[in-house]
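Take a look at this one; I'll ask things after.
Letters are used for the chains, namely A, B, C and D, taken in the order the chains are written, and counting of residues starts over at 1 for each.
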Amino acid sequence: MYNRILIANRGEIALRIIRACKELGVETVAVFSEADRGSAYLELADEAYCVGNAKSAESYLRINQLISAAEVSNSEAIHPGYGFLAENAHFNEVCRESNIDFIGPSPQAMQKLGDKNTAREMAVQAEVPVVPGSDGLIEDEAQAAKVAAEIGYPVLIKATAGGGGKGMRVAMDENELLTAFGQARTEAGAAFGNDAVYLEKFILHPRHVEVQVLADQHGNVVHLWERDCTVQRRHQKLIEESPGPGLPQDVRKGICDAAVRMVKHADYHNAGTVEFIVDQDDNFYFIEVNARIQVEHCVSEMVTGIDLIQQQIRVASGEKLAFTQEDIPCNGVAMECRINAEDPEFNFRPSPGKINQIFIPGGMGVRWDSHVHAGYVVPTFYDSMVGKLIVHRPTREETIATMIRALNELRVDGIATTAPFQVKVLESDDFINNRVYTKWVEEKML
Amino acid sequence: MYNRILIANRGEIALRIIRACKELGVETVAVFSEADRGSAYLELADEAYCVGNAKSAESYLRINQLISAAEVSNSEAIHPGYGFLAENAHFNEVCRESNIDFIGPSPQAMQKLGDKNTAREMAVQAEVPVVPGSDGLIEDEAQAAKVAAEIGYPVLIKATAGGGGKGMRVAMDENELLTAFGQARTEAGAAFGNDAVYLEKFILHPRHVEVQVLADQHGNVVHLWERDCTVQRRHQKLIEESPGPGLPQDVRKGICDAAVRMVKHADYHNAGTVEFIVDQDDNFYFIEVNARIQVEHCVSEMVTGIDLIQQQIRVASGEKLAFTQEDIPCNGVAMECRINAEDPEFNFRPSPGKINQIFIPGGMGVRWDSHVHAGYVVPTFYDSMVGKLIVHRPTREETIATMIRALNELRVDGIATTAPFQVKVLESDDFINNRVYTKWVEEKML
Amino acid sequence: MAKEKSDDPSVFDVERIREFIEMMKEHELNEVDLRQSDKRIKLRRGGEPMTMYAPQMAAAPAAAAAPAGGGAEAAAEEDDSNFEYILSPTVGTFYSKPKPESPDFVKAGDEVGADSVVCIVEAMKMFNEIPAGISGKIVACLVKNEQPVGVNDKLFKVAPN
Amino acid sequence: MAKEKSDDPSVFDVERIREFIEMMKEHELNEVDLRQSDKRIKLRRGGEPMTMYAPQMAAAPAAAAAPAGGGAEAAAEEDDSNFEYILSPTVGTFYSKPKPESPDFVKAGDEVGADSVVCIVEAMKMFNEIPAGISGKIVACLVKNEQPVGVNDKLFKVAPN
């Protein structure tokens, strides 16, 4: 086990990692930008170094400053958290070249899985179902029309380098396809400097289901069950839960086993998430692998009792997993609401600024993960998430009731938060009766 | 189920009850003294009424004001919380005469169990082991000497109306007994206006172990396992945990079954606690029954997943228990630290006043039950407890590590708290290796 | 108020401000806001604003949610402090009249003496006649008939003689 | 402003403002707002105390835990503001001398020019010579030889010319 690690991140996840380290008896080195100077959570670290100005590019993304901080502080490993450099294979490599462990997968695995097209090919090899579509890139309209005819309309045109919906087009028939094809390429070229696109079947009203996996460096791979993250707004997850509501047991087993196959095939170690979409007949299709810890990891922690951050550090340091798949329970129902400094009354516009007063929810079944406090100023430079409210109760009904109770208890004076909107979602018939889909928020709640 | 209940209490437990009610869909009516006017938790209630001045005797103990508040607010039941009128059989009776349910046992059961001597007799009838001693009161020195010779020295002289150590004397031999007997009587008479005393065997270095029980009004009684509350300072519990560390399984079963026998024999319903002392050979002896919810109920909630306050309200309203003994798990290890506004640096002197700033611990395995926030003023008039820090992890080792981490995270600016002292206890070899006893804090830590 | 007492110092008078501030500290006031014609003296002290804990509940319980030291603050909200209040001595139901068919004990404008009965607060079947406690003119009745009230809830606003 | 009582100085009177400010500090006031006819004096200060988040760490990282806007506050601690600081442009190890056996680049009392090298900060095997950036007299070296430093940590205190 390490004596000391550096945390190349900020805010909630930096605090989360500090907590895990304290419980493991590992010393922590924090880094911070001028915008985060003086934040309370930095005091909990054993050391803290300023790495630059408020802008991420001038602080949390400065690889040389982060490596220097690790070296002067004698840190043996770096935990990247999520966001920033968490999925940057180059940073991953520089760490290892500097004889500092990167707490995550190998740069090679990260690279392979980072490219959607390669990842899809690996999935097929691992016999993980993928959305029917072109195997590889589409060169021209003619090929597009041919493939579309094979897989059947409606079809989706996607940019291989894409993300966040850019370079994406739906075509209901061949006419639409021929126009959309050009548009998608142009948009992709502009957005990513890479206009390569591919085709796949368009799935109506899908759910987003992902599987938490954990792998050591000795070939042992386990899953910590699935998370349903279907409630999203513009691809931003708002509510996550485990287990996936309404998933038949055989589908659960199938999707979790598929995730383990995928990770084994990619020769992947540390924590990761395999993302799927599930159609209305409970068929699941591989989407991508997130080669890092995720914001919503806490819901898997609650149902399994396993501290994922501690496990990340253990396996990175070379330890074998201390448990097998059979040892991993799935108790009750856990749910997480991301509390963002955004104003749902005004189209979720960012609401940074000073928190004059805050009443933090607590009590039976409630977990609160956040670095904020009365007097804390939410900076304008970073992600708008100010905290995560997690609830764990025996049944989904109880979990929803407690989450609503806790969201109503949370009172923040000085900034607006998404909490009131999340209450509306939790009270809606569609959510309670599990009739949501990835575009549900935009189509039914806004 | 009730539509609306009144909460005849304040602070942490008032908030705890409001939370349970919100999750049950029951409306709440809070009461408050002038000292608590404007406290944040009152806003969470559907209504709130001032019942008088800061002094408890002029507000939270004013039965007529509380009943009036229940009547004008159309409350169907009153939850007394703990302390104040929670074990006042007269208040219990007045509620029922006013056609308001008292959320707790019957006044008769409360009365019987309230008298130590009667309770002891009932224990004997229920075949619950009691500390060997005089069956009933000791009239004079001669009888005292005779009984002491039978049960063997050292012996303990106790006041039947006693509490808090008053009217208690240890005698190592007959000479000491003859002097101590008179002293104990005088002290008891002065303290309680009742100089009746009895004798029992003095147990060296006992542990305090109590069993949480829950009974409906249809004869169903279950236990929620035991709690070890051995770490006390002057009879004030500082740390509680479940399960009891180092208790052999057969002893656990024996003590829990005994508690259920006791409660059934007393024709008791609602939540209650049966207290025992356990000697160094793991023999357990009945001490008393607490006919109310207790501060430390949360540790039993964590290991069983059962919300005790919700259950109190359900059974009081006439519902049958929805589960049997076999359905009640005991998962992992839960521990609670009572955070008191006291300064351990200065002999635990009270430290009321304004909380300028507070950082509340959170994260994996941590539960925080408290009504305080930055800007809250801790009044001088009431109990010094400002919050409860509860941790639940798979093993005792992990639970201790997380509790230490969380206690160090808790920072309160403006008042002193017991947290630093509790860290010292948790880090001590005696606590880790389970070598503590009820006087351990005074003898080894102060 | 038009003609100002010549002994009334400028609002900028340092000594008077100091006295106000010491009063605020002594009585834990968060704010003092005094206005007269075109003059204003506004002073704020203490930590973070507690506005988030401002009243959110129905009339009677509203007082409950007023910030700590709410009494003082409530007073601060008044245009001036020339008024007093008749408070409820008990939790109960407020009755403005002895019988449903009879007129109110008092109405705005009535002169009352310390012993005049101004209302009844009923608690546990006991009908407590509430005396004004001060002599003066009723400015307003602050509670509706048959509304529940708590201890120290304001019942009437009075301009004392 | 024309007809102003002689005993009532201009709102711009520095002495009176100073008295107000001292009162505000002494009594923890957040705001003073005084108006009379067309005159107004409004003073605001501070938020709630963040003292609990004051530095608690070792020398180098100490800056880390300074309150937000710590720079300003640090300056406030100084008796006066006639000094400037040479800050570290990078995370690294501070070296006061080019070689272990050689003397320090600069010591207290030395005059430096903007281009004078005052120290080396080593990061990733790269030895960065740090220029003073201002000309003046070195008042103090604030970091020990071979001590780790972060971006913007204060290295030297300088009295500028």
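The criterion applied here is as follows: a contact is a pair of C-beta atoms (placed from the backbone, for glycine too) under 8 Å apart; a residue touches a chain by one contact, two chains touch by 3 or more.
Source: prediction; values computed, not measured.
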Steps needed, at minimum, to go from chain C to chain D via contacts: 1
Maximum centroid distance from chain D, chain identifier (CA atoms): B
Between chain B and chain A, distance of the C-alpha-averaged centres to the nearest whole Å: 43
Chain A-chain D separation of Cα centroids, rounded to whole Å: 41
Rounded Å distance, chain A centre to chain C centre (Cα mean): 55
Approximate Å spacing (C-alpha centroids) for the pair chain B, chain D: 53
Set of chain B residues in contact with two or more other chains: 40, 356-357, 359, 374-375, 411
Where chain C touches two or more other chains at once, by residue number: 47-48, 50, 53
Chain B partner contacts - residues on chain A that touch it in the complex: 15-16, 19-20, 22-23, 25, 40, 44, 298, 301, 305, 307, 309, 331-332, 357-360, 362-370, 373-375, 393-394, 398, 401-402, 405, 408-409, 411
List of chain C residues in touch with chain B within their complex: 47-48, 50, 53, 56-58, 60-61, 63-71, 90-93, 123-124, 148-153
In the complex, chain A residues that touch chain D: 30, 32, 34, 37-40, 42-43, 46-52, 59, 64-65, 67-69, 71-73, 98, 354, 356, 374-375, 377
Complex interface listing, chain D residues touching chain C: 5, 7-9, 11, 16, 19-20, 23, 27-37, 39, 41, 47-49
Complex contacts: residues of chain C adjacent to chain D: 10-14, 17-18, 21-22, 24-25, 38-48
